[in-house]
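What follows is a group of structures, each given as structure tokens.
First chain A sits with chain B, and in the next complex the same chain sits with chain C.
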Partner chain A sequence: MVTAIGFEGSANKLGIGVIRDGKVLANCRTTYITPPGEGFLPKETAQHHRQKVLSVLKQCLEEAGVSPSEIDVVCYTKGPGMGAPLSTVAVVAKTVAQLWNKPILGVNHCIGHIEMGRLITGAKNPTVLYVSGGNTQVIAYARKRYRIFGETIDIAVGNCLDRFARVIKISNDPSPGYNIEQLAKHGKKFVQLPYCVKGMDVSFSGILTYMEERTSNLLRSGFTPEDLCFSLQETVFAMLVETTERALAHCNSSEVLIVGGVGCNVRLQEMMGEMCKERGAKLFATDERFCIDNGIMIAHAGAEMFQAGVRMRWEDSGITQRYRTDEVETVWRVD
Partner chain B sequence: MEGFELIKQGAEAKLYKGIYLGKPTLAKERFVKEYRHESLDSFLTKERMKAESRAIVRCKACGIRTPALYLVDFKRRIIFMEYFEHSITLKDFIESCSSPQVLESISFEVGKMLGAMHESNIMHGDLTSSNILLVNRDDVQKFDDVSELYLVFIDFGLAQFDGSAEDKGVDLYVLERALNSTHSVANKIFPKIIEGYRESYTVGCKEIFSKYEEVRARGRKRTMVG
Partner chain C sequence: MGDEVQPKEQLKINIEIPFPDKRTARIAYDVLRVDKEPKRSGVVKNLSVNETVLEAEFSALLARQLRVAINGFFDKLDLIAETIEAIGPPVSDSYSHY
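Then we have the complex of A and B:
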């Protein structure tokens, strides 16, 4: 029986969670929200995490109903992410690990998403679409690693959506992507936007530039912000579904799992579901509790690693901003 | 589509096999993708059918084997093309091949063809080991003697023809990534492909490789937040 606590703070979400043998005991989170038209910067985000981390930790332990002595391993996000927020949270994780005299384990953020998705949905060996503010990857498992089949060759899809939200100045509360999704539901007219798929890779920077340059003209010529949100979503999601389908066909896989913050977008899930139906595959997705960055996924992935015998020396318990999904050997997977 | 039977559902299209004008024929139907917006779907389908047929014709002109084109039907969204009775994908070939020498010589050949393609400003756009076929010259199901085999490129739906060094670099990068994620021997194959590429594409390939390195660095060094 492994009880693990996980600390996550690679971007603007601060999350702490406790898991015991695949059962979620607590999953607490707070988000740093910036004013409309602005994104979050490392320094201010780290400040937010510093201010909130102890109260979230307290709340998390209370909710879980476990005392520190019952915890077997303290897990934290080693990377990838923004340097300052990452190290802020890592320092706290290392401190409590020493206070409680528990082993420490650094976890790859992307692996956390994938393993949590598998745990919650029960998907066995899915082709994974990992979409968030900083990542866009199509991943499949092979030979003891999560291999990246396709990814963005420039900015992430969430970044593209967030930055478009800044262009039309919509609220960042609870998240820009969520507000785009709500507006898009009322969009009617479709604007043809650049569509950029290169094999299993995608590119979003051209679409963003297009939007940045023409939004004011489009708004003047009879399109509403709703129409633009709608067209943007339809276009970028079609690209994601298409590349996922390519990977699916290439790997002869029959399961798709969507993880990451953008993954809780219902329209994306609908489109992916439609594609899966067309080819007799099965779609697995989760809601915002597990899609959006959280502590529990770090705790779960860490627990899996811990159980498989992975240990980390204190000297290695640092952080890294660049940490690719395929750098981690998945010793806990037996297939 | 009388007399045609569905043999595979690829990523983009349904593939049917049958006889057309007395020849074994593959019908590639880019069926309506319900998940995407209607106007986006019809736009993309048309673009890709155009790209595919154009690429096939251009490849012919520079001596690269592709399936021969029989009929392009925009209304029904179907391209009819030559069907190879006896073929194996490069993917399956690599996985079943145990001889390093054979792998190297095939890879070199792939590189040469690719170089010729790029030299004629044809960018495939979706290079993977599933999109290259090996066909026996004598039309038999035998793939153990490399000297009897020739290479056929398929799936040109994402092809481009503007010929910038950046696009060619991306093409190579896409291939490298596809190989890396599919084959454990990728690190032996890809350098040979590059070697072959350099041999057939002599003038101007320096710029392509510097673009390729650039694209590669973009992928590797991206910070990937949250």
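Then we have the complex of A and C:
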């Protein structure tokens, strides 16, 4: 039986969670929300985490109702992500590990998403689409690693959506992507946008530039913000479904799992579901509690690693802004 | 670039931080020593712990570089102190999972 606490703070979400044997005991989160038209920057995001981290930690421990002595391992996000927020949260995780005299374990953020998705949905060996504000990857498991089959060659799909939300100045609360999704439901007219799949990889920066340059003209010529949100979503999600379908066919897999913040977009789930139906595959997705960055996914992935015997030397308990999904050997997976 | 005169000599600052006891001084040292200064910061940081005192030695060519590194150092130190205050005193006399 492993009880783990996880600290996540690689982007604008600060999350701390406690898990025991796959059972979520507490999952607390707070988000740094910027005014419309503005994104979040490393320094300000780190300050936000700095101000909130101890109150979130207290709340999490109260909710979980476990005493520190019952915790087996303290887990934190080692990377990838923004340096300053990562290191702020890591400082607290390390201090807590020392105070409680518990081992510390750095977890790859992407692995956290995948393992949490598998735990919640029960997917066994899925082809994974990991889509968020910082990452866009099509992943499949083979021989002890999560291998990247395709990814973005520039910005993440969530970054494209977030920045378009800034162009049309919609609210960042609860998240720009959520607000785009709601507007898109009322879109009627489709604007043809660049479609940018390059082999197994995708590209979003050109689409974003296209939108940035033309939005004011399009709005003047009779398109509504709703139409633009709709068109952007349809285009970028089609690209993601296309590459995921190819990976699915290549791996002869029968499961697709969507993880990451963009993964709770219901329209993306619908489109992916349709593709899966045509191929006789099963789609797995989770809701915002587990899709959007959270502490529990770090705790869970860390607990899996810990149980499989992974230990980290204290000297290695730093952070790294770049940390690829396929760098981690998945010793906890037996297949 | 160019408007800053590159002094030849390294600027140095030594800081001593007293702690109430050996164990907390050691915790602060352990937490802080893991984070290396960014490669392009131009700062060399040396940490050591002597009984209840945490000793930090910073050197760099430019005062600006030193300022950035020391601000970051104190931010983290402050966070460690607050964490100890919030979580309570260490449960053991030493850490057994290095």
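We take it that the second predicted complex is superposed on the first by the 335 of 335 C-alpha atoms of A that agree within 3 Å, B and C clash if a C-alpha of one lies under 4 Å from a C-alpha of the other, contacts with A are read in each partner's own complex, and residues count from 1 in each chain.
Everything that follows uses one rule, which is that a contact is a pair of C-beta atoms (placed from the backbone, for glycine too) under 8 Å apart; a residue touches a chain by one contact, two chains touch by 3 or more.
All figures in this text were calculated on a predicted structure; none of them were measured in a lab.
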| said: Let me test your reading of the model: by the given contact rule, A:195 touches which partner, first (chain B), second (chain C), both or neither? | reply: first
| query | Who does A:278 touch here: chain B (first), chain C (second), both, or neither? | reply | first
| task | Considering only the touch criterion stated at the top, classify A:299 as touching first (chain B), second (chain C), both, or neither. | result | neither
| message | Looking at A:313, would you say it contacts chain B, chain C, both, or neither? Reply first, second, both or neither. | response | second
| query | Which touches a greater number of chain A residues, chain B or chain C? | reply | B
| Which partner does A:261 reach: the first (chain B), the second (chain C), both, or neither? | first
| request: Pick one for A:322: touches chain B only (first), chain C only (second), both, or neither. | output: first
| request: Return first, second, both or neither, reflecting whether A:131 touches chain B, chain C, both chains, or no partner chain. | output: neither
| message | Per the definitions at the top, what is the overlap between the chain A residues touching chain B and those touching chain C? | response | none
| note | In the complex, chain A touches chain B at residues 10-13, 80-82, 109-110, 132-135, 140, 142-143, 147-151, 153-154, 156, 190, 192, 195, 197-201, 234-235, 238, 241-242, 245-246, 248-250, 261, 270-272, 274-275, 278-279, 293, 321-324
| query | What part of chain B is in contact with chain A in the complex they form? | reply | 9-12, 33-37, 39-40, 43-44, 125-128, 130, 158, 170-171, 173-175, 177-178, 180-182, 184, 215, 218-226
| Which residues, counting only chain C, touch chain A once they are in their complex? | 27, 30-31, 34-36, 38, 75-76, 79-80, 82-84, 86-92, 95-98
| task | Show which residues of chain A lie in contact with chain C when the two form their complex. | result | 50, 53-54, 57-58, 68-69, 83, 87-88, 90-92, 94-104, 311, 313-319
